[in-house]
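Note that chain A is present in both complexes that follow, paired respectively with chain B and with chain C.
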Partner chain A sequence: MALKTYIEAIRDALIEEMDRAPNMLVLGEDIQEGGVFRATDGMLERFGPQRVLDTPLAESSIVGVSIGMATNGCLPVAELQFADFAYPAFNQLISEAARWRYRSYNGWGCPMVVRIPYGAGIRGAMYHSQSIEAMLAHVPGLKVVMPSTPYDAKGMLKAAIRDPDPVIYLEHKRAYRMLKEELPDGDYTVPIGPARLRREGDDITVISYGLMAHECLQAAEELAAEGIDATVLDLRTLAPLDRDAIVAAARRTGKALIVHEDNLTGGFGGEIAAIIAEHAFDDLDAPVRRLATPDVPAMPFNGALEDFLLPSREKIADAMRDLAAY
Partner chain B sequence: MPALTMPNIGEGVTEGTVTKWLKAEGDSVALDEPVVEVETDKAIVEIPSPFAGVLTRIIVPEGTAVPIGEPLAEFDGSGATPREAATAAATAPAAQASTSRAASDARGTGAGGNGHTPAGEFRRTRGYSPVVLKLAAEHNIDLALVQGTGIEGRVTKQDVLRYIDNPSMYTVPPPSTAGVVGAERPQRAAPTAATAAPAPGAADGDVVPLSATRRTIAAHMLRSHQSIPVAWMMVEADVTALVQMRERAKQAFEQREGVRLTFLPFFIEALAAALREHPLLNATYEDAGLRMHDQAHIGVAVATDSGLLVPVLRNAGDLSLAGIAREVARLAGKAQARKLTIEEMRGATCTIDNTGAFGSVISKPIVPVGQVAIVTTELIRRELRPGGDDAFGVRSVINLCISFDHRAVDGADAGRFMQALRQRVESPREP
Partner chain C sequence: MTTTDTRLESGTSDLYLSMYRDMVRSRVLSDRMFALNRQGRAAFAVTGQGHEAAQVGSAYALTAGADWVLPYYRDVGVLVALGMKPYDILLGLFAKAGDPTSGGRQMPCHWSWPEMRVVTRSSVIAANLPHAAGIAYASKLLGRGEVTIVYFGEGATSEGDFHEAVNFAAIHQLPVVFFCENNGYAISESQEKQMAILHVADRARGYGIEGQTVDGNDALTVLQTTRWVIEECRRGLGPKLIEAKTYRYAPHTSSDDDRRYRTRAELEEWTRKDPIDRLRNRLLADGVLTPDADGAIRAAAQREIDEAVEAAERAPDPPDDDAFRYVFAEDA
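Take a look at the complex of A and B:
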């Protein structure tokens, strides 16, 4: 066992998988220097410039090149510096990578991973704060994972690298050095797909993913002291989605709160709410509630405004109290 | 064409009577502007408009009672903006944060909202949630009997589960004001043989329709009368010292405290103290046992033009005499104005009624359901009495009466309690 931060868990997964798979390589902007968040720190020295590739500042190219590599026997793991910069690559992701298997009548997969740091709360303002999971999870053919713990970060990155299809791996920037956990020394993976019950309680159900799942768990522990006992479901994977776990968790209490950092309208919470409405209606005891960032065009630079907009542990706790009281 | 419907005004309220239209057909109405006055069995409330637009048609005339959810009036379709849309437009984007707190904060700046109904959030559209209905069907439960602890008294899933485990513990909370309350779930008194059959000469005379308040009083008096075996007792107290003291203190008290010093606060203070010494009288009789209340919440009967109302003086034992006087004055004022909130009328653990105000010297009150005793204070009379030295003197005397639930309280208990009450009113403390 060793105490690892979230970013160290990612780096360890990359290095261990590079050791395991000789056809794997990493590519992205400035990653030979370690990358903007130091995820690939030391990898150039260890694996050389043939497997640790610096790319031009062109996300469409990074993903397009990765698709070419993946369909020709390589195992690329691309890094896009910020989710905010991922849009130029959407054409490649959606129109090419996502439909490769469908288009080839199940003849070929497109085994690649695109790591994308997302999220706000680090005073990143307009261009370094976005959450883009709803747009990507909407696209059939892409797998989308959003681990909320160092353990899952490592295990799910390994599972993503070993997956035969394109996987979008969304990692919250604020989690990188904030979350620490004792990780087992040996090789392990965390399967893509299954959600995980982080906490069980009979009063209300909170459903979240990514860093917000961590915040929800903290809020739930806080509320336990007030006698409100919450079930907290961490989805971990948005596509493919663990619908059974969502329905079971919602049924358990009849009161569901969905929390995400992405803005409300058209956010992934709407999909979760619809699943609950369709499959758990008879067991509902309250309207399904969503807590999300308001529909602002971008995260403001002003820190006070950023704090006002983002779901926080306090806001989550308040929403949980409201729902419990309903 | 959007319609204004009879809103759900409070827990247990099932219908309301339109008493007064504040707007006429053709009038423009702003969002949240009061548009109609509605009387329920608990209060008269002004209903704010959920629309901005023009009132085009009044459907329910004044004086007519309709159930919750029935349309009251129609608004002009083009100009009418449903509350949600208007609110969202006025306050986007913050209102979308979907926390009720953020939304209601933001709404204050936009639509001048009164905060009664958080837009789109937690608004009750129906009585029971799907899971509550399912559980009730599975366990053959009458949901009207289940005590609701959710928002606005909503019956939650947890409430039903608790009720299934222990029905008597979680039955609708007992009414908490003399006769009136228990209005949590107003029950229409079932027609009895006497009322169902036409009485001789029934065609004679005019029928005065029952107000909602009158109907509620009737239902609860009947319920008490039919369910509680009442016993009664009276003691006499010499309140000469109290009368003299009040005479001395009342002017300074009124100047200092801003309210008149009547006898009632003294009696309430004494009652609260006696209840603390004799907690058996501060209880609720339940099938599972006697629920002994930690605090004395004293219902104070107030006669109003439209009937008896019983606001509740909370934690009476914690209040000073001046605090009691002020709170009684406040509650009585609100009762006269029919502005009492439901919260202010529920939860009484014992009730006092100053029947002496009407000249009564002996009365026999009805015990409110959910309480085990009600005390009356009668007229203070001046009488010629023998003193300690056998010489006659003029004394001020009062009768204190108690009706009590004999299931919970025996005569000996009530007697000891009344002695304690008497001792306290006979030796008052300076206010």
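Take a look at the complex of A and C:
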């Protein structure tokens, strides 16, 4: 066992998989120098410039060449520097990678991982703070994972690298150094797909994913002291989605709160709420609630405004109290 | 590379002094913005130390308020030359209410100034190059004599948007200047990792337009070249691409550690080519500037920035519900 931060867990997964698979490579902007968040720190020295590849500043080609590499026997793990800069690559992700297998009637596969740092709370302003999961999870053919712990970060990245299809791996920037955990030495994977119950309680159910799942768990611990006992479900994977776990968790308490950092309208919470409405309606004791960032185009740089907009532990706790009292 | 070695034109000494003053003000302001970040008083800084000749020299070739300007985050000097007050730039640094560029929404130095036809841009590299082509198309369609200039780093020329914008502008012979501040790095990536050519200007030929490489640390050369290119654009002989070779003295942003990828020797070498020293020496040699006058210019810049910091830091934050304004037009 060793204490690892979220970003160390990611780096360890990359290095261990590179050791295991000589056809794997990592590529992206500033990757050789370690990447702007240092996820690939030290990898150039270990694996050389052909497998730790600095690309030009051109996201469409980062994903486009990755698709080609994957098609011809490599295992590319691309890094897009910020979620906010993934859009130039959306054409390649959505038109190409997502439809690669389907449109060739299984003639071609695209075993590729695209790592994308997302999320706010670091005073990153409008273009270094966005959450983009709803847009990606909407597209059949892409798998979308958002681990909330260092353990899952490592195990799910390994599972993503070994997956035969394109996996979008969303990692919260604020989690990188904030989350630490004792991790087992050596190889393990965490499967893509299954959600995980982080806490069991009979009063209310909170459903979330990514860093917000961590915040929800913290809020639930706080509320336990007040006598409100919450179930916290961490989805971990948005596509393919663990619908059964969502329905079971909602049924258990009859009161569901969905939390995400992405903005409300058309956010992934709407999908979760629809699943609950369709499959757990008879067990509900309260309307399904959603806590999300309000519908503004992006996070302002001003710190007070960012705090005002962003879901926080306190706002989650308030929403939980509210729901428990319903 | 074009270099100027003519005597200063007569009757222009005021202009050169004014350029020099703006380069000094831009440097002092940039240094201060970085320092404020290091002191924990500003959440982020991105600045233009080293690029002053390219920025101020080119901006002085524009007809301010008539020509369209699409600067990038490093262009403190362009905005200072266009007349934006350091106080206003600092309101952006501190993300205060009244920040004219974004009302405290964008990172510092993400310019917008409608009165001066400075068009808003995102952080997304190269995304505004097609906007420049579109603005220039409108100028042509509507029969206006204005010219558009868009600024970007050499890193931006790897993006599809760069190529698509230059191609569009070339097809329609638009009055637009693509001004590249080539500092040899896109964050940590040196130029060899970004392109297989020596000069960004060489990209122009592939689209059927003229590209020129200039010494971006020589303000007078930049001024002269940009003036000529803008004149050509006004006469309907655009578009053009200018590549100003320069170097940034500070890390990429306050979040970057440039010691990881640049040698101190390289930095030293470029420090000896400081664009501000270069213009100062030229003006001193030509008797346009005296050491005393230089001292006064520097002292005035320090005072001006001190006062602006003091005032901007005390300015109020926007109120919470300001976060909901202008998602759409309010008077529609």
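Basically, the second predicted complex is superposed on the first by the 326 of 326 C-alpha atoms of A that agree within 3 Å, B and C clash if a C-alpha of one lies under 4 Å from a C-alpha of the other, contacts with A are read in each partner's own complex, and residues count from 1 in each chain.
The definition used in the following text is that a residue touches a chain if its C-beta (ideal position, glycine included) is under 8 Å from a C-beta of that chain, and two chains touch if they have at least 3 such contacts.
Owing to the predicted nature of the structure, the values given are computational and were not obtained by experimental measurement.
Contacts of A:Val296 after superposition: both chain B and chain C are touched.
Once the two complexes are overlaid on the shared chain, A:Pro88 sits against chain C while remaining clear of chain B.
In the superposition on chain A, A:Ala286 contacts chain B only, with no contact to chain C. In the superposed pair of complexes, A:Glu226 makes contact with neither chain B nor chain C.
Once the two complexes are laid over each other on the shared chain, residue contacts for A:Lys315 go to chain B alone; chain C is not touched. In the superposed pair of complexes, A:Glu200 makes contact with neither chain B nor chain C. Counting contacts as defined above, chain A residues 294-296, 309 meet chain B in one complex and chain C in the other. Interface residues of chain B, counted against chain A in their complex, comprise 92-102, 121-122, 129-132, 134, 150-151, 154, 156-158.
On the side of chain C, the complex with chain A involves touching residues 43-44, 95-96, 102-108, 110, 122-126, 155-156, 158-161, 186-189, 193-195, 255-256, 260-261, 317-318, 320, 322-324, 327. If you check the complex, the residues on chain A that touch chain C are 29-30, 32-34, 36, 54, 56-61, 84-85, 87-88, 123-128, 294-298, 300-305, 308-309. Those residues of chain A that touch chain B in the complex are listed here as 202-203, 253-255, 263-265, 281-287, 289-296, 309, 315, 318-319, 322, 325-326.
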